[in-house]
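Okay, so chain A shows up in both of these, paired with chain B first and chain C after.
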Partner chain A sequence: MAVEVQLPAQLREFVDGQTVIEGTGVTVGEVLRDIVGRYPALEEGLGLKGNDIPKYVNIYLDDEDIRYLDKFETSVSNGSQVVIMPAVAGG
Partner chain B sequence: MTFAYKIPECQTSPSDFSTMGGLSHVYFAQTWFDRMIAHVIAGLPNEACGLFAGTGEQVETLYALTNADPTPQSYLVEPREHFQAFKDSREKGHELLGCFHSHVRSQAYPSMTDVRQAAYPDWAYVIVSLREEVPVVRAFRIVDEQIREISILVKDISVEDTGSHVR
Partner chain C sequence: MRVESITELIGNTPLVGIHALSPKPSVKIYAKLDGQNPTGSVKDRVAWNMMRKAEEDGILRSGDTFLEPTSGNTGIALAMLASLRGYHMKAVLPDNVSPERRQLLEMFGAEVIPSPGEEGSNGAVRMAQRLVAKHGYVFLNQYENAANVDAHYSGTGPEIWKDCPEITGFVAGLGTGGTLTGVGRYLKERNGRIKVIAAEPPTGELVQGLRSLDDGYIPPIFDRDVLDSKVVVRPAPSVAWSRRLLRECGIFAGLSSGAALSAAIRYAERLDEGVLVVFFPDGGWKYLSTGAWTGDAAEAEERLSQIIYF
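For the complex of A and B:
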């Protein structure tokens, strides 16, 4: 499946300034691994470690937060859209 | 309902933004400012939070949202509401310009946690301190862990409150 991934401004330095990248896979996790395979620095930029979604990164598939779906195992469809946004948090 | 509040004079010189670019002021209609203060007071004893959107430096919509990490020392804008606000602002032709949250026991200045977790260098970070009887409101940019205060101007106008429906 080909999926469009939208990245926030602060992650674009890791992907040659692009705002939208196409990834392939059948789950959100596969799509992200596909992109990280091409842009390895993005893994650190996203704070991805293991199978947990970083607390301060929100990942949406077609308008739904994947935390409330099947997380990284959430299935994607051709033409799906993944949006990554840093959480808004503090203290 | 209009609330009493204080906005201390901004101590940052405009020249301090010469290397930062982006927002150096933020303008609120009275309606949004009142809504923000009402929301953070309603959130006591915990911190409360939200987002605002607009064009340029003008806030056009304020989103009073759920704190998904509700304690007196922390906030996390509920992720689904964050995304709904993002979508709503885009549909209106606006951009998210910043966020607001309360400090219930400390001054209106970014905490270490605020600085470490500031992920949007172009945004205005508005902090409402509820430590004193009258809320104190200040706004900041946080870029590469550097803090710069920016000016807040409240315009004495009322606008239709359309932001809260994303919850």
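For the complex of A and C:
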């Protein structure tokens, strides 16, 4: 499954300035691991450790936060879009 | 209705059916119009509760100066109450909020301290923490103050439950997390089957000034576990649903209300039946300058992508 992953400004330095990268896999976790395999520095930039979603990172699959789906095990489909954003407050 | 002070008009906001916008007749949708509070937003509840608690605890005394980081609404509410109660207020405000938010803060007597817009509310929080540490201002801090959640747990939540005990889902925007945490907890204690859904704006391009993802911010009062789902809603659907609200329901609500409604519609499409309450935190007045209702939608969406409207 080929999936587009959109990265925030804070992560672009780890991927040669790209804003969107394509990854492959059947879950969000696999897609991210595929990309991290090609850009190893991204792992630290994202703060990936084990199976936890980093605290200050929101990862959306087709606009839904994967924390409330199946986390990294959330299944993707062809043409899905993954978006990574920093957690930001309002008020 | 006759009252002796504007503060008596805080809360007890109406719940209005907007079923015409539901994707199916078996799903009813009600809007909680918190823009009908005295300064025009839900934050009157939070500001009033935080201020009374601080007064009770002896943290805030007449003549004191307090400082608050805000993207607008909390600051506006606090500024109004500060002028009533004899306090001086300083508001740390990101410089990319709508100009109306800044105007209202100044109208109610707050001193505005701009923070870098590209750091979003996160930058305002950090600047406020630095200024408080340096100058010793009283710091109510809506992001850490339990009185924020309590305003919703003891006010907004019970109001919704009283007016709509058949509720199956509650949808609101995520800012401090106070509304979602307080209302969500209250409703789930009454009926554990009620789902709580959050809508949030896209933040990626708006906070380019944050150096790394570790500069992200989760308000300590926000209980992530109270949510069943969280969706990001972009400017285009936020504008589109705000316009439909105006034209089809006669409701002039702010753009984060449009975002919450968009999330509610998305959720409603998956249900066979249900009764949803969508929370509208403010009216549209403070966003007229974005052209969201009056101009070209694409231009309004572009403007929204540059400003904080949650």
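Please note the rule applied: the second predicted complex is superposed on the first by the 88 of 91 C-alpha atoms of A that agree within 3 Å, B and C clash if a C-alpha of one lies under 4 Å from a C-alpha of the other, contacts with A are read in each partner's own complex, and residues count from 1 in each chain.
One rule holds for everything that comes next: a contact is a pair of C-beta atoms (placed from the backbone, for glycine too) under 8 Å apart; a residue touches a chain by one contact, two chains touch by 3 or more.
Computed from a predicted model, the values in this text were never measured in an experiment.
Contacts of A:D65 after superposition on the shared chain: both chain B and chain C are touched. By the touch criterion stated above, A:G17 is placed in contact with neither chain B nor chain C. In the superposed pair of complexes, A:M85 makes contact with chain B and with chain C alike. By the touch criterion defined above, A:A9 reaches both chain B and chain C.
Within the superposed three-chain model, A:G47 lies in touch with chain C and out of touch with chain B [touch as defined at top].
A simple residue count on chain A separates chain B from chain C, and the partner touching more is C. Residue overlap on chain A between its contacts with chain B in one complex and with chain C in the other: 8-10, 55-56, 58, 60, 63-65, 67-68, 83, 85-91. Within the complex, the chain B residues that touch chain A are 47, 49, 51, 69, 73-77, 79-80, 82-83, 86-87, 99, 101, 110-111, 113-114, 117-122, 125. For chain C in complex with chain A, the residues that touch the partner chain are 43, 70-71, 73-74, 120-122, 125, 142-143, 173-178, 200-208, 210-219, 224, 227-234, 256, 308, 310. Residues 6, 8-11, 45-47, 54-58, 60, 63-65, 67-68, 83-91 of chain A are the ones touching chain C in the complex. The touching residues of chain A, when paired with chain B in their complex, are 8-10, 55-56, 58, 60, 63-65, 67-68, 83, 85-91.
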